[in-house]
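Letters A, B, C, D, E and F mark the chains in the order given here, with residues in each chain numbered from 1 onward.
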Amino acid sequence: MSFIDFLLQHSPALIVAIPLLGAFLTPLISKINNRVRNVFVILIILITTILVMLLASDVFSGNIHTYVFGSQDLTVPLVRILFEVDAMSAFMAIIGSILLLVSVIYSWSFIDENSGLDKYYTLVLLLAAGMFGMMLTGDMFNFFVFLEITSIASCALIAFWTNKGKAVEAAFKYIVISSLAALFILFSIALLYGQYNALNIAVLGSVIQFSYLDKIALVLLIAALAMKAGIVPMHMWLPDAYGRAPASVTIILIGATQASLYGVFRVCFTLYGNTINLSSASIGWIIVLLGLITMLIGVAMALIQSDFKRLIAFSAVAEIGFIFLGIGTGLTLFANNQMFGLIGTTAMSGGIFHIINDSLDVGLLFLVAGAVYYATKETSLDKMGGLARHMKYTTIFFIIGLLAISGIPPMNGFASKLLIYESTFQLNPILSIVAILSSIMLLAVFVKVFHSAFLGPALPKFNGVKEVPKTMLFAMGIIASIIIIFGLFPDLVINNIVDPAVNALINYSDYIREVIPTFTGGF
Amino acid sequence: MAIFESLLNTFETGSGFWNPIVWLVTILIIFLIIYILRGFGNKNYKINTEQVKPFLSGNPEYDKEKMHIKGSNIYWGFTESLKWIFDNLNKMHTGNTSDYILWFVVIISILFLVVGLI
Amino acid sequence: MNGMSRIVKTIASITFPLVMIYGLYIIAHGHLTPGGGFQGGAVVASGCAMILIAYGSVWTLGKIKEKNLSILESVGAICFITLAILGLGFGTVFFKNFLIGSEIIFGIIPSFGSTISNINTAGVIPLMNFAVGLKVIAGLFGIVLIMAYASTRRDKY
Amino acid sequence: MSKRNLFALIFFVIMAVFLFISSLMMHPFGNPEKTNMDDEIIENAQIETGTNNGVTSVVFDYRGFDTLGEATILFTAVAGVIMIFRRMNK
Amino acid sequence: MIFNFPFIAVIALIIIGLYAMVFRKNLIKMVIGITIIQSGVNLFLITLGYREGSVAPIFTSLPSGTEIPQGMAFPVPQALTLTSIVIGVAVLALMLSLIIHIYRHYGTLDVRKIGGEK
Amino acid sequence: MILDAIHILLPILIIASSLFAVLLKDLIAAAIAVAAMSLLLSLEFFILQAPDVAIAEAGVGACLTTAILVIAIKSTKRMEDEK
């Protein structure tokens, strides 16, 4: 067995274990030198990214990886913890690794002036481990544990600037909300455990019956995970947290939010996959309606904000609505085979493609906001103006982000939004009209930002403003280049990354059959 | 060269298509038009002279800060005409942690009614 | 936080060793009787918290620094994850109980059913108990110590 | 009672009613219906892991990865508390 | 036969905790509410794993005549509860240290008076 | 039979102490009520044949949680004044 095969076989565990080991070692390594610590953290994230890419390239070719902890064989999957990586998990893990890598590079100079940096990097690595654990695990309770790791680490990171009262307050709101959500998730896991005496997602998915208790558990799981993902009207923690955290943390928080979103889809499609005929229509319509409200309210609130990061946070809420709309349209038609083949797959590939586009676009905009804050120490849009004269490259990156998030053709947002518009139009024209309307309003929101922050006369108070350091520009450049590549060649991305993920969600029986070979269900 | 060919594939969505070559050519043509238009510009424009200053009907020039339209004033007409919507939205976002949890309870009970009874 | 009266201090210092012995017993016998790393760690940490309340956080912080506790916790966590990774090295997968059946240390398998307790069983589990116990003692006591100390400090913003 | 509290109380009662019904629909107290996973653990714990304590065998062997996560949570919380109470000036 | 009374108690604990979080105005009362919900869920997990007339899943000095699988309580929920308890104390410590900071910044613990971020 | 009575009595006591924890205006008293709830809960765990969890709950819930709560209350404000 060659070394690559060995790595590939153990990569699901290593992807979580390496950031954890790095997090435990960081307090000791930071005794040496600050520079050594930064290099060490970047190295850890880089190794993890390479492992994720290795695993993903194998998973996208059609294999589902399983990894049993503490035992070699799959004969006793009932008792041990199982990691199960299908294309959807690998897709999410790719997003997470890109965001982490960018964030760590960006942090090098962005956060450099503050104290407590060794704890900062420790928490970033822990957040990475929690995110990857949520995305790769195949066990309900393990999912809960990693959810808690993610939320505790993100809460501590949101409160990084403790001398600002609002940051501490946002962190408190975040931890209250997320621990409440986690407790309800634990409660519904206990409901499922009490009925079926199993904790594995695949095992539960093979025996689930949609009884009364199952319905209660489904509702609690969807509501709690949707609250963690920031669905209106449970989104209000999100602008507080995103707006007050340092920009380098916010971009990882996007990844954590997407991990909760992944949880919603995993619960709807895989855990309750066997009862999909009973549940799909009503749950699908609920998700579509939540998505519509999310888009409209998110974008309307973004229009009247005057704080730069808070405005972007509200538009991030609106973007999550697009994802919910796409996936919900697919779920609504899931029981209807004929319609699903026509519309559903398109809608779902639009929704899933939009996950990666959303995290890249919103991430780039947050990084730009952080760069503006770094250069001017100013967050309010009313006090900015004429920054394009001092910060050329940042302005270019902002324009790229603006075009991408509002779905203007040469950028990546266009491709996924086009898919969503087309499919929802065939289901019900009102849905796509609302989607297009909120997309237009998103453009209006960011044109406002572009005008008030970057255009206009050169204000005398910003005379000394200089361009941000090269590492921050490099981090923004990575995301911008990925956005342009995705925008120019969407066909490539959809064929190689998105379609396998969509198929993994639709063919839930493959996921279950990997653990229980005798399972006969699904299509 | 299979990868290279797959890069240039046309992406079809059913009623629309997307080809990178077409778009690159379009962008090139736009830049060409911009370049040509720029060529018609006035040659004797001089920086750091009176020509640069804005002409405000003979009035003196305001401060730079006053010349710039603030961010919250840009869509004034739009927000003013839809004031009732934005007022209600602002009332909804109280910033109170108890209310956040209350919305969670509301959504859970609505979903219970929808999923549990239907 | 200031210390309490002399009576409290004396009684706390008398009770402290007993609590410590009980907690360490729970950690060491985790694989035989009720208990384990977490429970024993919690008991020991609550004993330390008693000393902290009795003598005051300033005195306690003179004896033991929060940085040392943090490093101790890191060491405990590294020991735990190293034992897990050694399962990959000596065995085949993560968390493989590679010592069980090896007849070296902790390698004996007890007979099935009701048995007398033999501490030399259970493979890596006693080692993991010790690592987790160290980590939990340092972690929980560290939390209480930092919070008690920080509540006396008044930073101005 | 303010308008908000009345609004809250209505939805609170709906949620409570559904949850109480769910507690009545559970299996009878003390007689779980399905027991396959736990029976398998109890039967094999002593042979496979060598522990006399079934709970410890689950905590450190069968579900050892959860325990790693739990230890990580404690580590995270300590790091978070230290970071929150750090001195801001460098 | 006691008609599922422990399960009803679990739900009652969860509802009481939620009541504290939605209707009480003090931040520390909200934290206490989370602790109560946590206790309720822990009790639920342990109650699920109880078999009538069983003994704890520990083989050392087992009472003679115990049937091996049927006569023992479930070990898995107990392990899960251990994890849940440690998670609870970690979250509690973090929340309370944030509350100390909030009190220093705002000088109050009333949930309606802090923040005011619209 | 007597076990059934305990299984009914202990949850009632737990609920009562949790109600005290929620309703009392004095936060120190509420923290003590939380400690009492944890102690009763650990007794209930012991009766439900979970001695491991009972030890952990007694150590963490009844001792450390109370210590942290009391430290936090002492460094903020003791009484809850609602207006």
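Here is the rule we use: a residue touches a chain if its C-beta (ideal position, glycine included) is under 8 Å from a C-beta of that chain, and two chains touch if they have at least 3 such contacts.
Note that the structure is a prediction, hence the values are computed from the model and not measured.
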Listing by label each chain that touches chain D and chain F gives C, E
At minimum, the number of touching-chain hops separating chain C from chain D is 1
A student comparing C-F to A-E should find more C-beta pairs in contact for A-E
Per CA centroids, the chain at the heart of the structure shown is A
Rounded to the nearest Å, the gap between Cα centres of chain B and chain E is 47
Distance between the CA centroids of chain B and chain D (whole Å) is 45
Whole-Å distance, C-alpha centre of chain E to that of chain F, is 10
Taking each chain's mean CA coordinate, chain C and chain E are separated, in whole Å, by 22
Shared-interface residues of chain D (touching two or more other chains) are 8, 12, 18-19, 22, 26, 29, 32, 35, 37-38, 41, 46, 52-53, 55-57, 59, 61-70, 72-77, 79-82, 84-85, 87-88
Shared-interface residues of chain C (touching two or more other chains) are 32-36, 38-39, 70, 74, 77, 81, 84, 94-95, 97, 110, 113, 115, 117, 136, 140, 143, 146-147, 150-151, 155, 157
Where chain B touches two or more other chains at once, the residues are 90, 93, 95, 97, 99, 101-102, 105-106, 108, 112, 116
In the complex, chain F touches chain E at residues 4, 7-8, 11-12, 14-15, 18-19, 21-22, 27, 30-31, 34, 37-38, 41, 44-45, 48-53, 56-57, 60-61, 64-65, 68-69, 71-73, 75-77, 80, 82
So, in the complex, the side of chain E touching chain F is made of residues 1-2, 5-6, 8-9, 12-13, 16-17, 19-20, 24-26, 28-29, 31-33, 35-36, 39, 42-43, 46-47, 49-50, 54-58, 73, 78, 81-82, 85-86, 88-89, 92-93, 96-97, 99-100, 103, 109
Residue set of chain E touching chain A in the complex reads 14, 21, 27, 30, 34, 37-38, 41, 44-45, 48, 76-77, 80, 83-84, 87, 90-91, 94-95, 98-99, 101-102, 105-106, 114-115, 117
Counting only contacts in the complex, chain A reaches chain D at residues 20, 23-24, 69-70, 76, 78-81, 113-116, 119-120, 122-123, 126, 129-130, 133, 141-142, 145-146, 148-149, 152-153, 155-156, 159-160, 162-163, 168, 191, 194-199, 211-213, 216
In the complex, chain E touches chain D at residues 1-8, 10-11, 14-15, 18-19, 22-23, 47-53, 57-60, 68-70, 72, 74-76, 78-80, 82-83, 86-87, 90-91, 93-94, 97-98, 101
